[in-house]
Each structure stands twice: as structure tokens, then as C-alpha cells.
Amino acid sequence: MTFKPLDRVGIAARIARDIPEGWFVNLGIGIPTGVSDHVPVDREVIFHSENGVIGAGPAPEPDKINPYLVNAGTQHITLRTGGSFVHHADSFAIARGGHLDLCVLGAFEVAENGDIANWARKADDPTKQVGGAMDLAIGAKRLWVAMEHNTKGSGESRIRRACSYPLTAKGVVKRVYTDIAVLEVADRGFVVLDMVEGLTRRELQERSEAELYWA
Amino acid sequence: MTFKPLDRVGIAARIARDIPEGWFVNLGIGIPTGVSDHVPVDREVIFHSENGVIGAGPAPEPDKINPYLVNAGTQHITLRTGGSFVHHADSFAIARGGHLDLCVLGAFEVAENGDIANWARKADDPTKQVGGAMDLAIGAKRLWVAMEHNTKGSGESRIRRACSYPLTAKGVVKRVYTDIAVLEVADRGFVVLDMVEGLTRRELQERSEAELYWA
Amino acid sequence: MIDKFVPDVAAALAGIEDGSVVLMPGFGNGMPETLLEGLIAQGAKDLTLVVNSGGRDTGPTADLLASGRVRKLVCSFVRADSVAGQQFAAGKLELEIVPQGTLAERIRAAGAGVQAFYTPTGADTILAEGRETRVINGRNCLLEYPIFGDVALVDAWEADRWGNLTHRESARNYNPIMAMAAKLTVVQTRHVVALGDIPPANVHTPGVFVHRVVHIPA
Amino acid sequence: MIDKFVPDVAAALAGIEDGSVVLMPGFGNGMPETLLEGLIAQGAKDLTLVVNSGGRDTGPTADLLASGRVRKLVCSFVRADSVAGQQFAAGKLELEIVPQGTLAERIRAAGAGVQAFYTPTGADTILAEGRETRVINGRNCLLEYPIFGDVALVDAWEADRWGNLTHRESARNYNPIMAMAAKLTVVQTRHVVALGDIPPANVHTPGVFVHRVVHIPA
């Protein structure tokens, strides 16, 4: 193998490249949270946080923390000039009402029909961490997923013909950014838009349970 | 006849007597609009207007009209200290969500089961003035009606066994204030709480199509 | 740099197509009158107009109706002797009468992604005839669907380049919820302010709901 | 004269009964911690607690859960290793997991008189098993019912004697909608202000939704 997978920061940076100025974007917890760090400050992208923050900015200097201002991961943030605050129902009206140009979520698995599984590993998972993922998944104009292409331990593919974990939503993922490729979810299935340098088509297919197509 | 019916202002004043401090009240167009003029300023009653005004105050001096501030009848008003503004959906959330202690509406007819008809005289009435009446009627904690006991021309009773006009809402009226009496809508029907001086029970029953009971 | 300001009313209304559903706020005030005049000039026809009231004999709603380009009126209130009332009586205008709170809630539902809801308002009335109902907690309820706009014409007091808005007093009325409910939300604002001038906790309509803004000073 | 201020937490929480549904805001901040401590002291049991998250090992939600007086938890998020997660695993706590936006919308529906609504959120997931669904405009939707509170415990930055409130930055979160949705809405406020000090256009939670206010300076 002569290719080098992206690390989590690298995936976030790769996603940031594809977000144009003016988009209104929600970033999920995990890899997606890092995306905003890689959007240049002179490219105005407005970040939404489920807890009612419109225009979330970067973390404050440690001596300038505002305890009343956190993001959906309850991390301290700042507010961009032009940002505003709404209550929780209005905040989810933004998410569910189709007002987000983009939502980026982490996931366990994505299927070739756009299904996403990102909140539980089995139906009776003792962890019940649905949060706002189901709302964001059905509501955003575009749903992109950021995740490693394969599981850490057994190397199983997260790019599936069908999800094996409980679904977050059906048929909603438009694009997947992994550590080795960028895949579009099209009518026929996963279409490869980009791969890391040095990776071959065959190697990418070997790492993917679903069949891949090339653009 | 030795009794004197109340005029429209008199009905409004009679209603105002029964509104305690602290109530949150919506007043419909017509007789009800006048109720607020008869609540003493030292008795804090908060008036709601459907167009998003909480704490509506009296009409301004002619030289102090604010063109951005009207009530549900689009009359210029003032705002009481402590009042606030919300948008139309939040305003009707107040009305429909059970947050009004009282709504006072005008009506064509009220039935002994609490039905109210106040928006059209027949199903194909060319006038389609439903406005917010149906929302207020189903939503307020208490619905009182202010109207003349009998129609002007033929003297027909507006106090009915059943409404003959299209309904605004079913089974919602709690009390009726007319020019000659105050009636409670109880399980058994209309119960007379008050009459104008000089009116006999028999005279009141003669003017009422529905059967009356005495408290 | 995000800048939602457009130079004039024509640019603000460019592309509005025949057959559009137009959401128009206003309740005694807060109506985007300049945009409404612009819509008449713009020429789109076969419109569905969603507005609180059918209006009186004169005024901007009457002018738009008189132009003959409104096919259907959705509102809570029509006077028989108004332009709308006369057009309806003459069979020239389709009319959907909606209780005012249901109208506001259906518009908000469109903006909030609610696909339908049950309300007791209007159940057991002639407005419920032939409609789907359900008894919930002992109350008869009507099933109501969202009202999605192709265009919302919105009035504001202040606007910044992200489209954050404030509205004056009761001129707020339908403006924030109609802004939420349309594919294209066009704003006329009395004042232009710098980004950040509106305090973040006191934005009445966030820019996320706004697409174009035109400055109409008075 | 309307005056919703009460002298202390005990007076604020007087009368809360066993079996109550308690709405509690908070999302990293904006949680009414003093009232929550007061609720533990007050002693009501067999409670249903509606809150965004089941919380962590420590903190006020964990304390209330550890007191054993919560029968059922309605929330969007529970960690397996939290007090809530452990009580659930041990069969000591009933759990209703609700997607966060649906949770907010169900609370708002209770306040707004919406008797039920359809949403695509959660349809086609295990949360939809055995539930009523309907396809609307080609999308599978779940029928959701309002969450009515017997009590809402609310956090505010400023309050006046009518109960008008402001909230700080993202500490607003569930506070305004939970205030709408309960029979008894009790507020702890950092600051007391005179009637009229909060600009009428910038009240975040109008006093109509508020019943009792207690001043907790810090």
C-alpha cells in the first residue's frame, strides 16, 4: 500500500474545501465538529448549533469564556458578528424545515440507498444517544457523512449495501467523506468522486462492502 | 315594562365588573372591545390582541398615534408598561394553547349547550369573516359572550335551544352578558345569574327561546 | 462576503413565476406595500395569495386583486363588499377561508417541517365539511396541512447584510413566520444596519430565512 | 397589582404533587439548578422528568435521579454509564427516548394547543415500531403527541413582576417553550428588573406563561 489515509482532521479539512460561501451549515459531534476550523475566515459560512445558536464561531480564548454560550456538544464557543439566538423549537424548525444547506454527521454505516446508521449499535443498545441526529438527517437540504471507511478493529466496511445497525434515517445521505475517498450517493449507488493519492480503484472496492461506481 | 335594558357600553361595563386583577384577556370586536375602558387602571388586567400584542392599552392621544401599533380591530392603541410583542403564530399559541383566562366575543346566537354562532348568517353567506373567533373560542379557559338578548328587528331571541346560524365552536360558552341579563351555561342549560332591575323572570323567559333556570 | 441586498424592487422580485403561492404579511401594518406594488408591475399571474384578510375596497391587496392576476385567495376574513368579496361572488376568485390561528399555524408548520397537525379550531363547523377529523383527548380535531410559499414578501424595520431583521411593534405579525415558509423570501426594509448592530438576542427574523433584501427608505 | 415574585424556593415549589410531569430546560447551561435542588428537598416523588439529556454521573439531574423519585425519564440522550443509564439497565427507570427536535416540537405543541402532528423524524427507525405513521407528500411520517407539563422549572436572566423574562445567549434553549407547556411555570431569575425595563419587542418569554418567580442572585 502506497497510499496514506487522512486522519480525522484531514477528513474535516477535505469537507471544508467543498463548502461554498453563504451556506448555512450544521456540524454533528465527532469528525464534523472540526470542519469549521478549516473554513477560511474570509469565506462566510454560517454555522448552526441545535441549542439555538446561529452563527457559531470558534472556541474563545481561555480567559474569555462565556458560560452562557455553548454549542451542541456543550463546548464553549463564540458568536460571529451577525449571529443570533433562538429557542430550541425555533432552532429545530431551522433543522427540520429545510433551512440548512448542509448538515455533516458522523456515522457507523452508510448504505448505497442513502440510509444512515449513527446512533446505536443494536436495537437494545444500552446507550440511547439519538440527540438531534434524526431531525438533522431528515431536515437538511444536503446530508454529508464524515467517517472512517472501515472499522478500527476488524476493518469491516462502513460503506454498505444495507445498514446492519439501527437506522437514523432512510435514504437521506448525499455524500460520504471517509479517510480514503469521497463518495456520492446516486440513484445507482455509491459513485466515487475522489480518492486519496496512491489508492487504486480495486483497493477502494476491496475496502467497501457495497459496489462502487466511477463518475 | 318598567325595566331599562343596558346599552352596548353598559354591557361592556357590566362585564368589566366581573374581571379580576391578574387575568389575561382577549376582547373580540364589537361590544367586547369596550370592556377594557371600564376596568379601573389600578386593577391590572392584561389584554391580548391576536396580532401579537400582549398588554394592549387604551387609544393614544390623537397627536401620539404610533402607526406601527394597532389592535385586532386595526385601531390605534397604546402598550401598557410591561406589555410585549410576539409574532402571529406565537400570538395564537397564546389563544389556542389555553393561556387566556378569558375571551369575550360578540355573537349572533348562543345555545344552551354552549354552542356559539358569531361569524356567518348562513352557510353560503357572502361575508366570510371568521377571523380569529374559532381559535379564541376553543382555546380560552373561559369564553364569555356579549350581545343583545334579542335581534333588533323582529325581536327574536339570541338565547337558543340550538343555534340556527353556522357554528363558530361547539359547547364552549361559559357565560352570556346581554342587555337584560347575565346567564351561566351550566350542564342543565342557561342559569340566570343576574337581571336588569325591574325585569321579571317571566319577562326574561319570554325573551329567551331556550328554557332558563334560576340559580 | 454574504450580501443579500439587491439594488431595487425589480431585482428583488426577479424570477417570480406564474402560478406562484405568494405569502403576504400585514395586519393593519407590517405589509410590504412597495414589494406588492412591484409584484403588480412584475406581472406574474395565476397567483395564490396567502394573506390575513381580503382587504378593503382600496389599498394594495385590492390593487393586486383588481389586476386580475390572483386566481386563489387564502385568508381568514373577506368583506362581501370588498374587491375580493365581489370577485368571489362573480366566480372570478377561488377562496379558501382559514381561521386566523390555523392560518398562522399552517404557515409556521411549513417553515418548521411539520407535515400536518390536528387542531380543535374549526372542527364541528361548516369549515370542517368533508374534511378529516379525529377525536384526541375527547376533543374533535381537524387535520390541517402546511401552507408552503413559493415567495414571501416581508416587511422589516431594520435589516443587515445577512438578512437578520427586526420589526416594529405589532408590524411584526405574520412577517417572521411567512419568512420561514417560502422558497424565496424577499424583504423590504426601512433601515439598513451594519452586521452586528442588531443585538444577537433580539433578532426577530434570523437571516437564515431571508434571501433578498431591498432598502425602501420611506 | 400583579406580582409573581415569591419569597423563596419553598414557596416557588409549594404544591408540586407526586406523579407530576416536570419539564426541565437546560443544555450545557440554562438549567434551573436551584429550583432542581429545591425539588429534591420538596419531596415530590413518582415524577416524570422531561429534559434534553439524561445527564452525566454528577450534577443536578443525576442528583434528582439518585434521589429515586423519578419514575420515568423523557429525553433525547442517555449515556450508558450515567445514573440514568444505570437505573434504566437495572429496571428502576422507565425511559422514553425522543429525537431532540421532536422533543422540542412536542413541548411547543403542548403550549400552542396543537393536539398532534406528523413529522418525518424517526419514521423508518426502531423508534417508530408499533407507532402510527402516514405517508404525506411521499414522506413517511410519525404521529407525535404534545408533552404537557404539570410543572416547568425555568431559568431566566431577568424577570419583572409580570413574569416577563429574558435569557442569556444559548441559555435560552428549552426555557421559553417549556414555560408555555406547563400548568405551573416556576422561574428562578438572576436579576429582578422593573416592569418596562425589558424592551417590549425583546421579551424572550412573555409573562403570560409564567406563574411564580423567585430571585436567585447567584
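Read from first to last, the chains carry the letters A, B, C and D; within each, the first residue is number 1.
Methods note: a contact is a pair of C-beta atoms (placed from the backbone, for glycine too) under 8 Å apart; a residue touches a chain by one contact, two chains touch by 3 or more.
Being a predicted model, the structure only gives us computed values, none of them experimental.
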Using only Cα atoms to place each chain's centre, name the chain farthest from chain A. B
Comparing B-C with A-C, the busier interface by C-beta pairs is B-C
For chain A paired with chain C, centre-to-centre distance based on mean C-alpha positions, whole Å: 34
Rounded to the nearest Å, the gap separating the Cα centres of chain C and chain D is 32
Counting only Cα atoms for the centres, state how far chain A is from chain D in Å. 29
Contacts with two or more other chains, residues of chain C listed in rising order: 105, 108, 112-114, 119-120, 139, 168-169, 172, 200-201, 204
Where chain B touches two or more other chains, by residue: 79, 85-86, 89, 92, 95-96, 138-139
What chain pairs are in touch here? A-C, A-D, B-C, B-D, C-D
Give the list of chain C residues in touch with chain A in this complex. 1-2, 108, 110-114, 160-162, 164, 180, 195-196, 198, 200-201, 203, 206-209
Which of the residues in chain D end up touching chain A in this complex? 27-30, 52-54, 76-80, 85, 88-89, 95, 97-102, 104-105, 107-108, 119-127, 139-140, 168-177, 204
How about chain D: which of its residues touch chain C in the complex? 105, 109, 112-120, 134, 136-137, 139, 141, 145, 166-169, 172, 199-202, 204
Can you name the residues of chain B that touch chain C in the complex? 49-53, 66-72, 74, 79, 85-89, 91-92, 95-96, 120, 123, 126-136, 138-139, 166-170
Chain A contacts chain C in the complex at 21-22, 24, 42, 44, 46, 48, 54-55, 79, 81-86, 89, 92-99, 138-139
